[in-house]
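Inspection log for the structure reproduced underneath, given as structure tokens.
Should a chain be cited, it is by its letter among A, B, C and D, assigned in written order, with residues numbered from 1 in that chain.
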């Protein structure tokens, strides 16, 4: 039995020290430490790790952290929404997103040609330069082949980018497939459409890509799911692991609650219904803003794995 | 200037009477009544109405209400996630979903072959019968043509169903296109994949369908968005109206909050940044469970339009 | 076993009809109908009903509905926070609260002498007139006796008011005690303080009032708790019923979630741990804005009780 | 203008380093870093700091952290609910709270004599030993004087305890008054009641205590409010600073949202309406579980102040 212990600050406190205090602190801090431990377990058990996130997290500075996580071999399959793909490319092209306010005057922003995602601002110019790049990218893809599964297309784009902090770049270099089941739901989709108007034999094959994610793992392999936020990215990873016999480890981090019956708010308890997860200690659901909670839990895991010599050398 | 007024129950109170009281009650009830009024405005202004919802709402009994809303010509374009398509078909086949509990013992449910969505339960048998039907459906589709845009495919399936309460059926009969940008993210996707394995020339063309939604409206047409829940269904409708100059009316109903920067929690204030919405009275954001709030707001609007003789005759 | 049923609008639909549809709709709508049924059960079982609410609900138009609920004998003990007392008095004095916006410019409002509670606005003038009235009220109270238990004081004030829609007035007339454990936490407290400065023998006895709420019921009596929102009003009613052996019925309506360990988000499941509640059907937790959910559930119960001839005649 | 920057983990990362990354990360992490900066500003500006928290935070291990914060002179006035007082005393008596689960079987817990607060468990024995101690405490208080303002009573109790980690003990030793406007809303109130039954001249004077909090500061003094969670503790501090001309700095940390018009969800924007706060940079509202967010923000501030030699020596 574990007991509540009083938290105490020590000068120069490391993130891992705070995580250790969270273990005995209360409410979501306990779940957060548990999430960190499940990350370590997944890794030690050689599970194939599915990392899913929504596009607003790529808008944030988590984008570079995700690419570091790939480099450190802590994510083996990724699922995201198309906005995440677009903004990773924009940032790889050098676009800068500025910090605004949740309660902005949106009419005023519109007049200045600024788009708002929560408290993050993106200019119209960024989208225009992205458009120019997309034209070049699609030309190069089309020259290579006419029919593309999405994850193959994203790997190819990743290899075109030259940015160590890019998710697509690191994923391509580290053989981590990125799945994006709703590839048309964004500016990317608009450019695909315009391109197809001129090249009727250009095909984006979503059905083939479903086969790709299905075969990315197997019933025999251990599987772990780290779902940040909800939406189809979370659902797609759960679906794929389910069709392969269910995940052995699951961590969900979200601001949604289970009371509305939505996928975003579904908890890891359901993971037990998959029939694979045996122990309460192999799952964690952390309610809170992912920009705060995910770095804490993952850094705690990275420090632990590094201490035990189990972390891949980032430089190699 | 409007003032708070004390609510008073009268015997035999109608839904529209309660809605009228909400107008002066406070907090989200005021927004709810406003949402109802924006529904009426959209209709009177002959706006093309985009109705979006997530699959958990089709799991619920809102499914039959959506089909009635189509019949009454209150939705002209729909966007949903693939789970919504699957469950509409399952219900059209006669499957019954039972009512459970948010705090179920999921291990126990799993052993009984029961799947849980919040407090709603679906048996494995329902999924198995759905699978059999899908095989027939795909055969018929393939015989007709090899390459399908998703909305065309869904219309074709709708015509195969014989259920007045089916969303797909009513949409097909009333020329309301249904868009589903992530068609592979569910059991439906799995069956598409298995079918394509045997029929390599079978293509689901998501890019073509982006053209379809793009051309479903125009800059000149008035446009209204009713987004229930978040996810890509909400985003897709916003994207399409944006590319056509922006919506003139917008109602968002959701349990998510704007503080995490997610699409699910984004408010209608941003609609003002699209440059089309001029007045505060043309938008509403209602925070709350959609199974409670949407029927209230829509019934209020239907009663009002009916009184003024502006509602399409359901029987015709 | 209950099944999900498709919702269908019928012209002239009554609130009770919608409630009946909620029963088979899904997620929180099912809980809402259950809440309505628990209200009916409490009444039929002659339970003593504790109704608790936070002050923001008195700011809203629920205030008049609460007073009607008292008149109809659906609330036998009330607990609230002091803001609720203040605003009930202000409204009894004729003050009008206007409707604003959640995203107001608060600096601007401040310059205009306007105070904001969510989307409801109260002028400084209203507070000033309340202050004048408080001086008269305290003088009258002091002339009667020097030491006051709070619930006795509130009854006395209720008898001074002449407003059928006033909570204090109806409570006093119908022998419903109102408890307010933090009586000093508002403008009311400030006026008590100023008065005591001049009258050192004036004592507000909170400890005596704890005895009053404790003895308002007994172990033998059936007890029901309707807690709207969280805070000490909810806690105080639970505490009192616990010390009397636990409630037999409990309905919590709130926007808070259980994940933070707060009283506001605590669910009725805990009611089972009190050892009195036997059946799942005697409790309900409804997540959502109380201005929307409480009228629905209570009107449903009033209609039902009225049909069965079990409702007190309001006119008597 | 600030820009979003990619987060990058470095081995042995300190909490303050992570805080610095949060500054440019996104959504609530940006607000969290801002909260930390406002803490530093309050201190540097010699503001009188009001720290408020709800009882569930004392149930958690934040309790010892609050007492350290007092010792370090980062809290000058405290407001809490009575459960927080009770549990601080229980812990000072050596009671241990164990860690459970949000989804416990509450009927089973009840049979075992265990009470649940979220995922924290308290035994009936702990309450019984608290009761015994209360009898001794009340005897000693009564011998000293018959009429007590609450904050005086709490200081006296603090001096009786011998636990460096106790909030009451550290507050008493460091001349930090603790206010608790609803002192009867808990087991503490029950014991006060039983005691008063035997000693009719024993008076707890809440009105006098309102004077105490009113005079704890002045219009001339700079004031800062740190409100953790909502309820009357938050409201009481805001009320007191308002009556003294308004706070100059305000940080609210909560899981509640502003959409329901509740005090718990009210944001710091309203602080601007008080007329004192001039700059956006002097306020912050952080949505999230306080057990995670408060340690992060406060540790960041302590490290910063310590580096600049502005932190009181804890040992002195």
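Brief remarks follow.
Keep this in mind: a residue touches a chain if its C-beta (ideal position, glycine included) is under 8 Å from a C-beta of that chain, and two chains touch if they have at least 3 such contacts.
Quantities reported herein were computed from a predicted structural model and do not represent experimental measurements.
Common neighbours of chain B and chain C under the contact rule above are A, D. Comparing mean CA positions across the assembly, the chain most remote from chain B is D. Look at where the CA atoms of chain A average out and do the same for chain B: the two points lie 27 Å apart. Centre to centre, using the average C-alpha position, chain A and chain C are separated by 44 Å. Taking each chain's centre as the mean of its C-alpha atoms, chain A lies 36 Å from chain D. Residue positions 26-28, 56, 59-60, 103, 118-120, 257, 259-261, 269, 287, 289 of chain D are each in touch with at least two other chains. Taken in their complex, chain C has these residues touching chain D: 54-56, 59-60, 81, 83, 102, 106-107, 109-110, 115-120, 181-186, 189-190, 192-193, 196-197, 202-211, 214, 229-232, 235-236, 239, 243, 255-265, 269-270, 272-275, 289-290. Against chain B, in their complex, chain D makes its touches with residues 26-28, 103, 257, 259-261, 287. Within the complex formed with chain A, the chain D residues making contact are 1-9, 11-15, 17-18, 21-22, 24-32, 56-57, 59-65, 67-68, 91, 96-99, 101, 103, 118-120, 165, 269, 280, 287-289, 291-293, 295-296, 298-299, 302-303, 306.
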